[in-house]
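The chains carry the letters A, B and C, assigned in the order they are written, with residues numbered from 1 in each.
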């Protein structure tokens, strides 16, 4: 068993909904993350999938203490982050970094690349002078495959893929242990996505990084993750090793999600059976009683409305469904997602 | 395939060349790019030329004028008989009602007008940015306590906004006594809420930008984030507003002088005051109103043209 | 018999102080009734410009459109006057956009927007139009249509908005539907719903559809015939089965090899296409894809390659399968 780098326990992030002109009155809460526990082993990749509004990005930001958690614990290498005083937390930020979805909006348009990459170094007092920092930055640029003349350039002078490399370099230059990547490729062109995914893979191998990859694209997450967690309306509904999850999804939502992802192969597309979900995601401010997925679940029964299912261990998966064992054999026929034999 | 190999080598060499060019070139910052776009905008050029002439006249003109602006009795003037001599070779713009050289008074008045506009705007800009910047930073980064501070500051600004600008300015002049300094303070004071609201709004918008989250996650301190990320990205609209305010400040200062709230010394050459004097003699010497009025209009136009062009140049949406 | 016959469509953007850009460069394809044609490519390949040109929705200034697009053996969409075109839009040809929120009027209820279309093109008014609108919303799978008709766009979810937009598009039973990335802004489960709906509509009404997307997975399940675009030209055109079974152009091949797939194994390396779409050669000098191509030959840069190969055509001098 590898050592756990990240441990999240019963994390909750609620955003207050306020009303009022002079004095804000709280009239409700958006339960973006509502009781999530997970852990990530040293050097592993944990993939978090779910649709927009499921709270996956909020979870990532709460892990990095960029959104203050409402309740719960977050430990990084044994250090409890949620109760850390501001200055000590700032020092800990060196160990955990983030890669953003939109490489343009996450780079300050008025900073050149050298300034962007040295900011973190300055903040943590790494490198005695500008020359030392520049040497460090240049090495990082090499690592992410950017030319050195990039240093004096500004973000708007680069293509989307190059900008994402700048974002990755900014995270890397501090030699962090954990990187949270929030939709790292979804803003990029298809042919560029693979470059960035491979780069993330290589960096993990050479630097021993631990990743939390947040994405809506199951294929991407499946490709780079060791463990995958599926989120729905603020909670984990299933967690399993990447291969297990895709071979045999147990939760009805996971099944539906996987059957909805288009596969670029007409033969598979014609054969596979789709589980079409009814309707839309309910509001996280007013989630349904019991199982949150029951309003869209094709197999929902009375018990689902009355009782919220806990994550249970079934066949190596953690599943939050009352009827997971029963449903294990249904739908998604075996072999549906096997690749072509070529 | 030797030819292909040669071609490939040639291509590699070209790429290396290109990289070398890139390396020497250095990046183009947003400010520099905005300036380049400004230079290509005809409106900006016209505005800049007008203001260039205005500033030149304001600085150098008073040393070159043919007559002292306060010297009276340069010719025969009789208001009872409606005689005020018009333009002549000696007096290009003619004489005014006290037989002073109108041209010299216009030139020297330009300096006063420039001074009023710049000082008043600077006054408003300084205090407006101080309040707005504080409120914006507090709201964006200061959590709950920051929001309270912002609330207090903004309600104060709202109070200022609730009062009609001219009334506020008149009250200030009435309080401090009419003088040129008072006019500048009054006109500047009126523009404080505009600057404060603008900077605050712009800073709050920037505080939610993703690169601010990125800086936080890097471990950059809050004060540094406010000063080196949020503020530089928020000042563009404020700068544009300052340029436009210069135009209105000149008009407002002229207005206050016109109402007799400006410099109490009637001998001082100042466009607004000259306009006031001219009004009593408008029927038989309309040209006396014409010169200062045209002066004010053209100067305000110059600032407005430049301001609008700056707005276009700094607009990130218009960048290609 | 083709419903729409596009021949040599070229769109050049230019201005007095800008260099000309050939956004679409000699694109030809046919659409038959009941058939779904896919235009696939990455940003900047010209797929959206093609659709806008066909609909006559390009800005009136700063571009030049040449070529032919004969609709139903009659009107040339590219040269006809704006009035005829306006009349055909909605009645004969309808379009579905990527972002349903900005395509709907935010201050007008959904019902009014749908009945407006019915009034203009089918002359329906009052109670009849309302009934028809209700039936339309019901058809595209919007629950409780009577209530939804009174709601404003912002009160609907993204998926519902796209459904409402589709309802407006099919209101007049158009013969050609142009869908420009209709599911890109939506979640996968909603995307599956919308794709299913589009499939159904095409199937039931015999409507022809042009599907514009960057997602090869979407094309694989939906389109009968696929055109792959790169830098404004069609680089490969084939039936769906043929294209995915034998991707022939290195670009198509590279795209398929670079997408992570649900059925691949953890640890598999992807084979990305090097460089970015910015690294291109002007087509007049050679193959635009040559700078990124791993199969590049000397002859690739000696002039533009022609579209060859019969039914499954490709624009390449050294295609996959050539060496075996």
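By our rule, a residue touches a chain if its C-beta (ideal position, glycine included) is under 8 Å from a C-beta of that chain, and two chains touch if they have at least 3 such contacts.
The model shown is predicted, which means the values in this text are computed figures rather than measured ones.
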item: Higher-contact pair (C-beta pairs counted), A-B versus A-C; value: A-C
item: Of all other chains, the one whose Cα centre sits farthest from chain A; value: B
item: Cα-centroid distance, chain A relative to chain B, in whole angstrom; value: 48
item: Whole-Å gap separating chain A and chain C, where each centre is the average of the chain's CA atoms; value: 31
item: For the chain A and chain B complex, residues of the former touching the latter; value: 22, 61, 64, 66, 90-91, 93-94, 96-98, 100, 102, 105-110, 112-113, 119-120, 123-124, 147-149, 152-154, 156-157, 167, 170, 174
item: Sites on chain A touched by chain C in the complex; value: 51-52, 159-162, 189-195, 197-198, 201, 216-220, 222-226, 242-243, 246, 256-270, 274, 276-277, 279-281, 337-339
item: For the chain C and chain A complex, residues of the former touching the latter; value: 42-43, 143, 157, 159-160, 187-193, 195-196, 214-221, 240-241, 244, 254-256, 258-266, 268-274, 276-278
item: Residues on chain B engaged by chain A in the complex (per definition of touch); value: 19, 22-23, 25-31, 151, 209-211, 213-221, 224, 229, 232-233, 316, 319
